[in-house]
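Before anything else, here is the set of structures, which you'll find just below.
Shared chain: chain A. Partners: chain B in the first complex, chain C in the second.
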Partner chain A sequence: MKGNEFDVIIIGGGITGAGTARDCSLRGLKVLLIERNDIATGATGRNHGLLHSGARYAVTDKDSASECIKENMILKKIARHCVDDTGGFFITLPEDDLGYQSKFVEACKAAGINAEVLDPKEAILEEPSVNPDIIGAVRVPDGSVDPFRLCLSNIVDAKAHGTKILLYSEVVGFIKEGDTVKGVKILDHATGLTSEYYAPVTVNAAGIWGHHIAELAGIRIGMYPAKGALLIFAHRVNGIVINRCRKPANADILVPGDTVCVIGTTSTHVPFEECDNMHVTPDEVDLLLSEGAKLAPVLSSTRILRAYAGVRPLVSADDDPTGRNISRGIVLLDHEKRDGVKGLVSITGGKLMTYRLMGEWATNLVCKKLGVDKKCVTAVTPLPGSETGGLEEVSKKFWTNPSTPQKATVGRLGDQASSVFLEDEYDQSLVCECEEVSAGEVNQAIANLEVHNLVDLRRRTRIGMGTCQGELCACRAACLLAKARNCAEEEKSDLCSFMNERWKGMYPIAWGETLRESAYTQWVYSGVFGMNENN
Partner chain B sequence: MNMQEKNESANNFEQCIKCTICTAYCPVVPVNPIFPGPKQAGPDGERLRLKSSYFFDDALKYCMNCKRCDVSCPSGVKISDIIQSARIKYGRHKPKLRDMMLASTDLVGTLARPFAPIVNSTISTKPVKAILDGVMAIDHRRMFPKYAGRSFESWFRKEAGPLQSSFRNQISYFHGCYVNYNYPQLGKDFVKVMNAIGFGVNLLDHEKCCGVAMISNGMMSSAKKHAVHNVKVLKKAADTTRKILATSSTCTLTIRDEYPNLLKVDNSDVRNDMEIVTKFIYPLVAEGKVKLVFKKGYKAKVAYHVPCHMERLGWGIFSAALLKMIPGIEFTMLDSNCCGIAGTYGFKKENYEASQAIGKPLFDQINGIDPDFVTSDCETCKWQIEMSTKYQVKHPISILAEALDLEATAKLNK
Partner chain C sequence: MKYDTIIIGGGLSGLVCGISLAKRGSKCVIVSAGQNALNFSSGTFGLLSRLPDGRQITSPLEAIGELDENHPYRIIGEDKISEYAGMTAGFFEECGIKLHGNNDANGYVVTPTGDYKPAWLAMEDITIFPEKQEKIGEKVLVVNFKGYLDFNSAFVANAFEKSGSSCRMETVSLEATERLRRNPTEMRAVNIARVLDNESVLSEFAEAVKKLIKDEDVVVLPAVFGLNNAASLDILKNNIGVKTLFVGTMPPSIPGVRTQMLLKRAFEGAGGTFLMGDEVTGGEISGHRVLNVKTVNLGEVMLEADNFVLSSGNFFSKGLIASPEKVYEPVFDLDVDYLKDRSLWYDQDFFRKQDYMGFGVKVDSSLHALKGGDAIDNLYVTGSILAGTNQLYEGCGAGVAIFSAFYVADSISGKKEN
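On to the complex of A and B.
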């Protein structure tokens, strides 16, 4: 096989592509993964980070619900450093129909989800932030999952099993012979050069952008872009996931994830042209805040860090204007059967929760096409970082008396924290103070984790994700990046675009402390570092 | 837009904009690299601790609770309260015997004072210091405040108490443990000055230790009991005399701010009635309501050290202004520095080096000025400066008592 020939080409560096690449490589295939941007830039990095128990879909979509609970239990084992097993509540407010609760519990049981009805008083004791007016509460095995970390761990493992990763490389066309896809034409955004790669099978795992990818092959997938907006609050208000016990609607899930909590979502249809540039509107912010305060009243007096929106890659079955009624089930399309185009497969629909199963289905089909007979092992093979144990166990394994930055590193990397040298003072010094990210961890990411710029570095380490939104860490990280790459000039403009990207998320909620802090940040960056609009 | 206007954070730690001035201002950071600094230990650490208590850092015990971070914060974050609250909530270490002894100032005072000559001489001997150092981890280089032969309260009841009702105006006095057990002279000076300016002094209906040392040694339930008791007797006093004055800046700060903020004991009925004596006297003099006559020929070169807790109260200016009124005083305001002792903190073996390093700039400045004596409103600052320099430290009210022509003043303020 030549350098540009592979068994399978996977398009899309989101969680679906990463999971598929891992599965294919664990089954011994030679894999190429192509992403036009960075990993986890689409819907993967723009959701709640909810580790669904499936309860949300139990009443409306039983198949999705039972897929969720199975995957939930698998992820708690194979991806424990990405998962926070918080548990979840489905609460009934006075204006909701308490009759829905019994229907809900029945449906959960039918889908295999453990649902326990609680005395509302007991629920309030367990989760003091919950609306004290609740008239009902059900406990389900929800949790939270860090989608960046999950995606990255899959990429790391795929790479360790021989996958070639091409980031910032866009598929601009298919190489076809008759009705067979033989490979892809790639435009490298860094160099501006195009090149060709070949494989007998190509998997389209590009999320909502998969619509466009399919068009390049002359195929139409009826995708339905549904925008979902979310708000990030500056600290954890709740320790347990809070959902509304009613038919899924707007802003009815509050998820505690890492040091923050996230309320969402909305659901509005958007045109394909807007998918690359999502903005959160003032109306969406209002809706999220007012509905969110019904779950946890304290949200209305909690600082908001950011607003963001993602696009769900739904596959439409009918003309549903909200997209809420479309199944969240997995859609695997064999284009040979469906459209008569050989060598091309699309894996879409689904959700973050079921990424592993999507990868399994897609890989099964790829293997069938290649005539490879290998069993899927991703359900039982821990991801890198999750092999040893939990936060305390791993920290104690490395250090007798771990410092807070050392603990924070283990919290992010799990047992892969051993790859970060955290012994000397310099390595332990903090780049990001809000999330306690050390210089050692940043340097490790730069060296090993396919980092092209500061935004990439953020997705891998959480720098710039804390309350200061880059104020203290961005300049330090830029120095480390410039030093490692020996490119100070380039890094200056990278720093500028990083700060602007941070501001984009703050703009819709820029009031109070967040506005004050961003004004201060601006003084520091323009006044002290001499950065202004011109550069 | 309604919701957006309503969304103002009620969480004090979220008001931090990471300017890091607190960390630059913290006296511990430059001398102890293990201490993460107020920003990191306070608002930053709080977010991690909310995620999991496992992120609690034992190094928070190196915070002196000097509250200089609170003073420096331009966003009004009560950083020291966040740190102390975290220690209370997440700290896993039970107070040691040493901590309990250092913290129980009134209990130990009651036991030790009757045997003052024996305690004072034995505690300063080498073998006893070695035992304290080895067994209790109280640093052997530290000098202990001496116990008085007769408590202030006992002196007051017999000697001064009966005369107080003859004054037209009345105030109450929270003397604190130090005046009662170690240094009754300050209480006597206080009574002299108050009487001279026409105020009768009343003691509380049995005050207890304010509890500051218990708070810093993690004995929260004892501290809370003291707080509840003190608020009750302060209220009783406020009902009769309105004002309650104190000579100790730390007792005053503890009762006014630590009770509600840390111990969650409501003091709103009495908080504004409690103040430090110089804050009370200076406006009366400035407005001409009280007239002072000074001794002829009084001369002294004085350097004033504002205690950290006095800075937090914002009242150092009153002591300074009052001292500057004394003719013949050559007054120097010392730079704003922590002396390093922070109550019981500096007594602990593990903190001794840091404590002395923190105080060094202050000691150097005092040595350079070479005053007749130093003045300060805090008893532990006094111990620290007297131990670390050759200069005596007097309370501003003692200087006033020395400089005033008490009889002439009393006549003018009848």
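On to the complex of A and C.
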């Protein structure tokens, strides 16, 4: 095989593409993964980070619900360094119909989800942030998951099994012979050069952008872009996931994650052209705040860290204007059967929770097309980071008396923390104080984790994701990147892009403490550093 | 407790106003909540470098006439501004702070990110160049402390390379600074400066730098020396032997912290009382006069005075507070000039002009605060809380802070004489 020939080309570096690449490479295939941006830039990094139990879909979409609970239990084993097993409540407020609760519990049981009805008083004791007026509560096995970490772990493992990763490379066309897709044409955004790669099968795993990818092959999938807006709060107000026990609607899930919590979502149909640049509107902020405060009243006085929005890659089934009634189920399309185009498969629909199963389905089809007979092992093979024991155990294995940055690194990387050199005090100097990210961890990411810029670095290390939203850590990290790559000039403009990316999530909610923080950051960057729109 | 003047806010403006008044025999108190802009200053003062429409200004005093009528400079008046600008360096000199610069034309300083920023005056540490990208030498050695992440030697070296010098980067590691690294958050400017205030450590550092010099004619160091006394800067320059320049670091700013401390000392030396770590929470107003204010620490004990000066700063210092619906001044609920529609507060580009930074308290021609449209006769407003200017954008924060303080001090003293 030549350098540009592969068994399978996977388009999309989100969780679906990453999971599919891992599965394919574990089954011995030679894999190329192409992403036009960075990993986890689409819906993968723009959701609640909810480890669904499936309960949310139990009443309306039983298949999705049972897929969710199975994957939930698998992820708790194979990705424990990405998962926080918080448990979840479905609460009934006085304005909701308590009659829905029994229907809900029945549906959960039918889907294999453990649902336990609680006395509301008991629920309040267990989760003091919950609205004290609740008239019903059900416990389900929800949790939270770090989607960046999860995506990265799949990428790291795929790479370890021979997958070639091309980031910032966009598919601009398919190479076709008659009705068969033979490969793809790629535009490298860093160099501006185009090149060609060949494989007997190409998997379209590009999320909502998969609509456009299919069009390049002359195929119409009929996707439905549904924008979902969310808010991150600066404190972890709840320890347990809080959902509304009613038909899925706006702003009815509050998920704790690390030191923060996230409320969401909304659901609005948006044109495809807007998918690359989602802005959260004041109306969405108001709605999320007022509905969120019904779940946990303290939210109305909690500082908001950031607003963001993602686009769900739903596949249309009817004319539902909100997209709420479209199944969240997995859609696997064999374009040979569906459209008469050979060598192309699309994997879409689904959710973060079911990414592994989506990868399994897609890989099964790829293997069938290639005549490869290998079993899927992703359900039983832990991801890098979760290969040895719990976090305490891992931490003790490396260091007798772990320092704070060492503990933080283990928290993020699990057993992969051994790849970070943290012995030297220099490596332990903190780059990001909010998230306790050390110079050693930043340098490790720069060296090994396909980092092109500061925003990539944030997705891999969490720098700039804490309460200050990247005030000084961004500048420190920019300097480390400039030194490692010897590119001070480029790093300066990279720093500007990073600050703008942070600001995008801040200005929709910039009042109170958030505005104060922004004013300080602006004073530092413009007033002290003298950086302005000309940079 | 009764004073002649109570100043709310211990930043640059409050201190300058307090020193001016105390020197003239006024019994003054400054109530300071804590950190202010001096702590993260660039070590320079700006008078005016850009007009609200974006035009760059090289001769600030000549451009004042082009500002809007409600700009604090226009309220104070062009002639007064020129007079005050001429007084500034002398005023600071008397407080033990040496400033250098030029009233007629802005110069430029190299910033922590290696950018060139216009400046009117600079503290001793920071060099003002008459032109952008002035070549400082043939060969430049940029030296940093090992493990100190808040000085961007790569960016700084890049700036000097662009101006035609060849640059080399080195780090120094001293036993005394090594101790700081045992705690991962300790390697920050103030801690380093504190360690280097010890003379033997300072000369050890100078020796270490000297050993690193090969054929360089200029040494560039982070501005983390002389926390208590700028004399350290001269000692270093003399010991290193070649031309030595300092470039600012990420906050906190050592030149800024030192300036704040010397101003506070000058204020207290002139007989003023500085209440550190206290916060004015409200005041009683009757018949267009403030009668008293109360603070967190003093509880029910009211502070009374003939005159009050509000120098409480902008959003960062909580002089102004924004809620989703409005922007307000929390102590007296004064009239605030701001845009009602929140979507107009921001530009989506972080580095462009942000209109919210131009919000402030409305004043009359004597810088009396307005409340409900009426002037409060004994309440004056100075510094970054003033309406009529986006100080960050226009590069006039220090100028407004200092000149409004001089102007108010003059008004208050003049009133007494009459």
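Keep this in mind: the second predicted complex is superposed on the first by the 535 of 535 C-alpha atoms of A that agree within 3 Å, B and C clash if a C-alpha of one lies under 4 Å from a C-alpha of the other, contacts with A are read in each partner's own complex, and residues count from 1 in each chain.
We take it that a residue touches a chain if its C-beta (ideal position, glycine included) is under 8 Å from a C-beta of that chain, and two chains touch if they have at least 3 such contacts.
What you see is a predicted model, and the numbers here were worked out from it, not measured in a lab.
Asker: Would you check which partner chain A:Pro282 touches, where first means chain B only, second means chain C only, and both and neither mean what they say?
Answerer: In the superposed model, A:Pro282 contacts both chain B and chain C.
Asker: State whether A:Val528 touches chain B only (first), chain C only (second), both chains, or neither.
Answerer: Touch status of A:Val528: second partner only.
Asker: Looking at the overlay, what does A:Glu392 touch: chain B (first), chain C (second), both, or neither?
Answerer: First partner only, chain B.
Asker: Does the superposition put A:Gly512 against chain B (first), chain C (second), both, or neither?
Answerer: both
Asker: Would you check which partner chain A:Tyr520 touches, where first means chain B only, second means chain C only, and both and neither mean what they say?
Answerer: A:Tyr520: touches chain B and chain C.
Asker: In the superposed arrangement, does A:Tyr426 touch chain B (first), chain C (second), both or neither?
Answerer: It touches chain C, and chain B stays clear.
Asker: Touching A:Glu489 in the superposition: chain B (first), chain C (second), both, neither?
Answerer: second
Asker: State whether A:Leu472 touches chain B only (first), chain C only (second), both chains, or neither.
Answerer: both
Asker: Report the partner of chain A that touches more of its residues: chain B or chain C.
Answerer: Of chain B and chain C, the partner in contact with more residues of chain A is C.
Asker: Based on the superposed arrangement, let me know which partner A:Cys434 touches: chain B (first), chain C (second), both, or neither?
Answerer: first
Asker: From the superposed pair, tell me which chain A residues show up as contacts to chain B and also as contacts to chain C.
Answerer: In chain A, positions 282, 403-404, 425, 430, 433, 472, 511-512, 516, 520 sit in both the chain B and chain C interfaces.
Asker: Could you please specify the touching residues of chain A with respect to chain B in the complex?
Answerer: Against chain B, chain A makes touches at 234-236, 256, 258-259, 282, 285-286, 289-290, 293, 298, 300-304, 391-392, 401, 403-404, 407-408, 425, 430, 433-434, 436, 466-468, 471-472, 509, 511-513, 516-517, 520.
Asker: What residues on chain A touch chain C, complex-wise?
Answerer: 279, 282, 403-405, 425-426, 428-431, 433, 438-439, 472, 475-476, 478-480, 482-483, 488-489, 491-492, 495-496, 499-500, 502-504, 507, 510-512, 515-516, 519-520, 522-533, 535
Asker: Quick check on the complex: what are the chain B residues that touch chain A?
Answerer: By the definition above, chain B touches chain A via 1-4, 6-11, 13-20, 33, 36, 39-40, 43-48, 50-52, 54-55, 57-58, 75.
Asker: What residues of chain C sit close enough to touch chain A in their complex?
Answerer: 37, 40-42, 111-118, 146-147, 149-150, 152-155, 157-158, 178, 181-182, 184-185, 187, 248, 250-251, 253, 314-316, 318, 321-324, 342-343, 345-346, 348-352, 354, 356-357, 392-393, 397
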